[in-house]
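Below you'll find the structure I mean.
Note that the chains take the letters A, B, C and D in the order they are written out, and that residue 1 is the start of every chain.
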Amino acid sequence: MFGKLKEYCGVFGIYGHPEAANLTYLGLYGLQHRGQESAGIVSSDGQSLFSEVGMGLVAEVFNEKTLSRLPGYIAIGHNRYSTYGTSLIKNAQPIMVDYAQGSLALAHNGNLVNARMLRDELEEDGAIFRSGTDSEVILHLIARSERRFLPDKVVEALDRLKGAYSLVLMDKQEMVGVRDPYGFRPLIVGKLRDAFVLASESCVLDLIEAEYVREVQPGEIVVINEQGISSYRPFPPIVPKHCIFEFIYFARPDSLLFGKTVNSVRMELGKQLAREIPVEADLVIPVPDSGMFAAMGYAEESDIPFKMGLIRSHYVGRTFIEPTRSIRHFGVKLKLNAVRDIIEGKRVVVVDDSIVRGVTSRKLVQLLHGGGAKEVHMRLSSPPIKYSCFYGIDTPTREELIASSKSLDEIREYLTADSLQYLSLEGLLGAVAPDQEHYCTACFTGNYPVEEVWHDVDQLKLFEREL
Amino acid sequence: MFGKLKEYCGVFGIYGHPEAANLTYLGLYGLQHRGQESAGIVSSDGQSLFSEVGMGLVAEVFNEKTLSRLPGYIAIGHNRYSTYGTSLIKNAQPIMVDYAQGSLALAHNGNLVNARMLRDELEEDGAIFRSGTDSEVILHLIARSERRFLPDKVVEALDRLKGAYSLVLMDKQEMVGVRDPYGFRPLIVGKLRDAFVLASESCVLDLIEAEYVREVQPGEIVVINEQGISSYRPFPPIVPKHCIFEFIYFARPDSLLFGKTVNSVRMELGKQLAREIPVEADLVIPVPDSGMFAAMGYAEESDIPFKMGLIRSHYVGRTFIEPTRSIRHFGVKLKLNAVRDIIEGKRVVVVDDSIVRGVTSRKLVQLLHGGGAKEVHMRLSSPPIKYSCFYGIDTPTREELIASSKSLDEIREYLTADSLQYLSLEGLLGAVAPDQEHYCTACFTGNYPVEEVWHDVDQLKLFEREL
Amino acid sequence: MFGKLKEYCGVFGIYGHPEAANLTYLGLYGLQHRGQESAGIVSSDGQSLFSEVGMGLVAEVFNEKTLSRLPGYIAIGHNRYSTYGTSLIKNAQPIMVDYAQGSLALAHNGNLVNARMLRDELEEDGAIFRSGTDSEVILHLIARSERRFLPDKVVEALDRLKGAYSLVLMDKQEMVGVRDPYGFRPLIVGKLRDAFVLASESCVLDLIEAEYVREVQPGEIVVINEQGISSYRPFPPIVPKHCIFEFIYFARPDSLLFGKTVNSVRMELGKQLAREIPVEADLVIPVPDSGMFAAMGYAEESDIPFKMGLIRSHYVGRTFIEPTRSIRHFGVKLKLNAVRDIIEGKRVVVVDDSIVRGVTSRKLVQLLHGGGAKEVHMRLSSPPIKYSCFYGIDTPTREELIASSKSLDEIREYLTADSLQYLSLEGLLGAVAPDQEHYCTACFTGNYPVEEVWHDVDQLKLFEREL
Amino acid sequence: MFGKLKEYCGVFGIYGHPEAANLTYLGLYGLQHRGQESAGIVSSDGQSLFSEVGMGLVAEVFNEKTLSRLPGYIAIGHNRYSTYGTSLIKNAQPIMVDYAQGSLALAHNGNLVNARMLRDELEEDGAIFRSGTDSEVILHLIARSERRFLPDKVVEALDRLKGAYSLVLMDKQEMVGVRDPYGFRPLIVGKLRDAFVLASESCVLDLIEAEYVREVQPGEIVVINEQGISSYRPFPPIVPKHCIFEFIYFARPDSLLFGKTVNSVRMELGKQLAREIPVEADLVIPVPDSGMFAAMGYAEESDIPFKMGLIRSHYVGRTFIEPTRSIRHFGVKLKLNAVRDIIEGKRVVVVDDSIVRGVTSRKLVQLLHGGGAKEVHMRLSSPPIKYSCFYGIDTPTREELIASSKSLDEIREYLTADSLQYLSLEGLLGAVAPDQEHYCTACFTGNYPVEEVWHDVDQLKLFEREL
């Protein structure tokens, strides 16, 4: 899958390193796959906060000059991918504000389902908002808390929040990591000699040569300051609901996530896919890079040869302009090319992670036909996506999800594929066993762990319309 | 005077024109002399507010693309010159926020003397701040008002403010102009066919071919909407205290200000200067462009020939880098050159508007000596500046003002001038007669119209240190 | 006059200074009025040439980084204003090339009238051209010379050139200054301690604190190297033909040019203008800045008061976009504003240097009428421009010159002026006496000093059409 | 292999399409892997040539605005990777010049071994050069030809050239493709309806939906104009010497090259590698993306499982700044990460295409050790590179090639690998059989097909030193 579902964000933080901003810069590099729209870092030297935020990739926003303006031993960073098209600098994070007890900065991955309600309530009470992000709501709640210490203020604020949030916060002298009680989004703790690290994914630890310590637990608040690290568990424990799509698509294959390695789960998804409904074919090919591991699993299990029948170009920029209407499947062609001598005359199983609207998958199938494939068998390492996500993934509305209105056969026909098979929900859950009940599968089943969502969906739209 | 005192801002607004943003762009062009650090426009089409704000000159921030993103029939704009070196995009105006009743945008010229106190109070009450400007305080106060209509909310907010403020505000459907009870900073009303205009100075009216209507009165609030223009006078009348430095230096010579034309006042200042202490000399030369009119008045009154003995370069950018330490008076030389064949062997009266630190004036006198002048007689069309301004002008601290600690003769010696004369306070006030008591002369006398200032000065510093 | 005639270029060179590129940067700053389209510097450390050339103002092209890439003790620079709209980076100067004896760089001010013929001839002989400038022709001729030393090669090349050229050349170890036999364009020699300076105008010497030595004589070649400065006069002496328009408009008033100071000549032009045809009026006002000195001369001679009735804005960028068609005289209004209280009800003499197409002057007269002037008497400190220039000034074709087809009265009527008077040719020449025959007045008289021009004009057009 | 050997260029041309520049833009996109330093397009509408050239990726240089300035039905384009560090805009291609018969533009892939000699000769004869590329030499030779028609001029010029050149040329009305007699670099002909296409690689044909027609033959000149396509074979036929490294590394796997598909040759190289010296291991992993196909071939032949033990990040920009010295193997880590759960405790065969200096390979081996691999067996799908290339690949000097001075065992030790194996020359040639004598293997054997090279190498260095 490429260019379809978009995750909101990657967050990173480090406490206690003389090159805190530089390491955060590296950390954001390693989390670039989680958001390419804006990047930002806030640092502290113990006296003041310093902020650099800009639109674009980490490599575009930061250079020697901007990094040199971020002194200090604490830093947090954020990569963002906007939802709803409001891709404005005012929404970039970390958000930095002044409040009664000094300055505060926040980086947020996730989505609050009661943001509109809280915002209305705060505005009624005289609050003003400068961005369209739900993250600003969190800062208002913290600032309004009458508790004395930051961790207590954070707890009081969290008490109001519903939805998905993995947060990294800082003030002049401490760093705080928070994960919502369901643990929708990942957040891990690492250690680089004496310094503590917080990050969305473990893959960045390798990059900065830090060690993996553990996950921030669902509902846990970790506070890191001069006294070291301390943990708060203010909420009653509930069954976690990790986003299963992190395994299917978002996370980097080299990350350790929710206790499993992403690449091994993906291999297993492919194997299970092959087990569920076998097909006679000559080749298994992945949609690079997202379908790579599942395709390898599929090939291994089915004993059909694995080939690189699609080549991906890695120079496609974000600003590509379409020069001609006469070329078919343009967007796909720029990124992928079918390798004729591999697929010509062959019965091809092509493995991708999922289908959202179906438009790109259709172009892909046609690309393979055009490249000479005799049969194209589309296989997806996830069940059909029938419901929107309200916990931090940018899914289209239900109407736009092809699987919400079309039958399997209608989709197959639309894609022009010779056969089409999705992984079963049971197969998916089996691959993450034994704690399969710890995952949110709302996008497949409509079983939303946080209830208010339907009511709030309309509010969300309202909210956006106004901004 | 060049590169010394810096005014905060220019503000502009227009209601009821189909090209509101374009005309605001022009208006900001005409007010560019009041602030060159950032520029911004917020517009409304009656449904939503649109905002474009950036660092730099109006011509750098705006182009066809940015202007095309500002639809609608209402627009306000702002040019800013920062004080205290915090020249950051987060401080650029207009500030746009969401609050309980929708969106609101504010452009502010002036300075609140109780900003720190109000900010503390608001923060105590849970408010968060995203900029370091006192203008954000005003928006918080408006948002917290429980009154129902915007004008009433504004009145309630103004009630808390002390200091100088000429404001232009807007929401989706109306535009509001406000001037503080002392009327420190100017704000005028104009009319362009059916559209109403608010602007810091009247010179922009010529540019957009609008007519001058009147000043917004000190303490007046004008509200412009579908029903036309209405006026509120919620404060008891007091003796106004217009900034007399607008006449001496800030305003454009072609503006009509506080009921007088700026160029004629400047001519009169020069004449009075010549009357007070005559000098035997061969030439009167202005420091271009700031000393032009006073020098012409001086020449006329003294009957000493007026000559352009200094040539000003208009290509000096803001980013000039000093390439060599071996060249003396570098900064001045780039901007000004003495014309040897005019001044060589001559006794020269050089007229400028004022002296702040004295560093530049000293270089200027030396430039004239270097150009062959036999005698250099420095004349200033204002009294010695001995006190800092707290009402919106970026003066250095008292310690840095040369006239606060040195005697006339010590200053003359420092400047290496053959003689030095300031205009007397009486002479200055005579030139703006008959309503001389309507002006603030605090920078010369230390008589600050708004009392709390001394207390708040320290707070101001504190405030800045923290940001 | 503003925005009408455009000169080609300013040139600068320095030999023997450890900060050669930095001083060239300053020199180009001081010559910015001679060309704002592109800027470039080539330097040498005795081993290699280094080049930095870009589009825009000096302050835009150069910064610490670009200057740091220009080491060495020799440097030459160039500001360019393109003619004919071919404003491309490939035409920016200095041009740097490799040839049989190493590297060579050239900066050229002027225009060759036989460029097309020479280019054809060179191309016939197998030469290839990468720019559309006639300057590249000169480099080809030098490279093709079979003489051994650079000065001899230059002489051989010059022998083929017809037209106007003030050149600064350099190779790894020497700098050469050249002026055509007529001396159309200026070129002066200065000295900064041990270093030699070449520059279009003397005003830059003040800026870099160098001394004025002398002009490079018409037809002279000066070679500056380790042995000091040496002079070659390979051409038989002829009566020089300096561009008289340098006095009228192009040069900076503080420059010493062709043995006279520019500002004093301009004053004298104004005085003579007043003498020729007196007018009854209340005020003399200059068109700032170009008409300043002539207006002061006019006022002095006529005893009519001098006033600043027009205010010029110095923030007008080059990229201004016209936001509305409903505003009259837009371009002029952005740059100039009439000061109503000065001119209202007055009979105004407005002094400018010249009229080209008449469009801007017409707007200006209407601006003054609009500002309330009772009568507007337009006075020009030059005779009517009836003929195009082929020696380095960007004049429009004859058809577009208003004075080539319209009578004095028709022009007056077009301008909507109450009266119109040009300076007489005799008056102009009287002001530069006693060597009045040393000036080119072709733009007024059609007497072109270099004959081939008419033939070549068509070729020039041809040439441009092709590029 | 990543970031080691760099090819010079990709070339593209299209004749007879109304969107010629747009398709060239796409073509350059598809050839981006052949050069990322500069990109350029020249187009013709039959009357004039238009040129846009800039530093950076295709997506950075071109946008709607630049493309709109390239009208016409003929266009050629060029991606460049500089050798020798002279990455300057003046060296970007296509080069466009004027000469006796109009305008001419050239895009060149390859390297002339007698460039210095030809350049000296041309300079002796009066030529001037504006770039440091050998391509400019070709244009001089063409311009100097006294033949009447362009193809004849080209032939006369080619007669002087020695070395590698695949050229695309154009003037206002025709396009010419040329390949040197040895056919070192590829060049193919395609057809898009009525339009003819020339391109370095066939992969771009899929992108623009054109058909593959054939290769331009070694020593062939194809001329495309109104009359269609015509072919010239002016040189006596010789045994071709295609660059075998195009198969090993440069070309895209989906290209058809020298009559074979790149991916199938690479698979075969991997298989042969496995056959030559078997090793006991648990996993075969590729260095992505360059070692992918060879690793798959290796795995298939050896029956050792293929795994993605290294993950590549595709967001690494070219401007990355190294933030900390304390992190080991920095450059490699940003691009690659070892997947611990795949390789931990395993005996790993890692397959890459080649080793140049050995520095990066060493870091890679250490990365695998650090990731927990029990044994690391390095396998290269090419023989040791012992000699520099003079035909268009940017190899370092012999001294820097690790295989030119170190034995197999010394290299293994340096890399810290448990074993090291290169593919044998026989194995390599066997994989491209049956026409193995048609390939240049000079970088492995030192048998340079073009003899003058040794003499010219010194000249080349001389040449570069001067530039």
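Basically, contacts are C-beta pairs under 8 Å (C-beta built on N, C-alpha and C of every residue); 3 or more make two chains touch, one makes a residue touch a chain.
What you see is a predicted model; the values in this text were computed from it and never measured.
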Can you tell me the least number of steps between subunit A and subunit C, where a step is a move to a chain it touches?
2
Most widely separated chain from subunit B, with each centre as the mean of CA atoms:
D
Whole-Å distance, subunit B centre to subunit C centre, using C-alpha means?
37
Distance between the CA centroids of subunit B and subunit D (whole Å) is 61
How many angstrom between the C-alpha centroids of subunit B and subunit A?
49
Multi-partner residues in subunit C (2 or more other chains touched) are none
Sort the chain contact graph into one of these: line, ring, star, complete or other.
ring
Which of the residues in subunit A end up touching subunit B in this complex?
48, 95-100, 102-104, 120, 123-124, 126-130, 139-140, 143-145, 466-467
Residues of subunit C touching subunit B in their complex?
19, 22-23, 25-26, 29-30, 32-33, 36, 57-60, 63-64, 67, 203, 206-209, 252-254, 256, 261, 263-264, 289, 292-293, 296, 300, 305-308, 311, 313-317, 319-321, 323-324, 326-328, 333-334, 337-342, 371
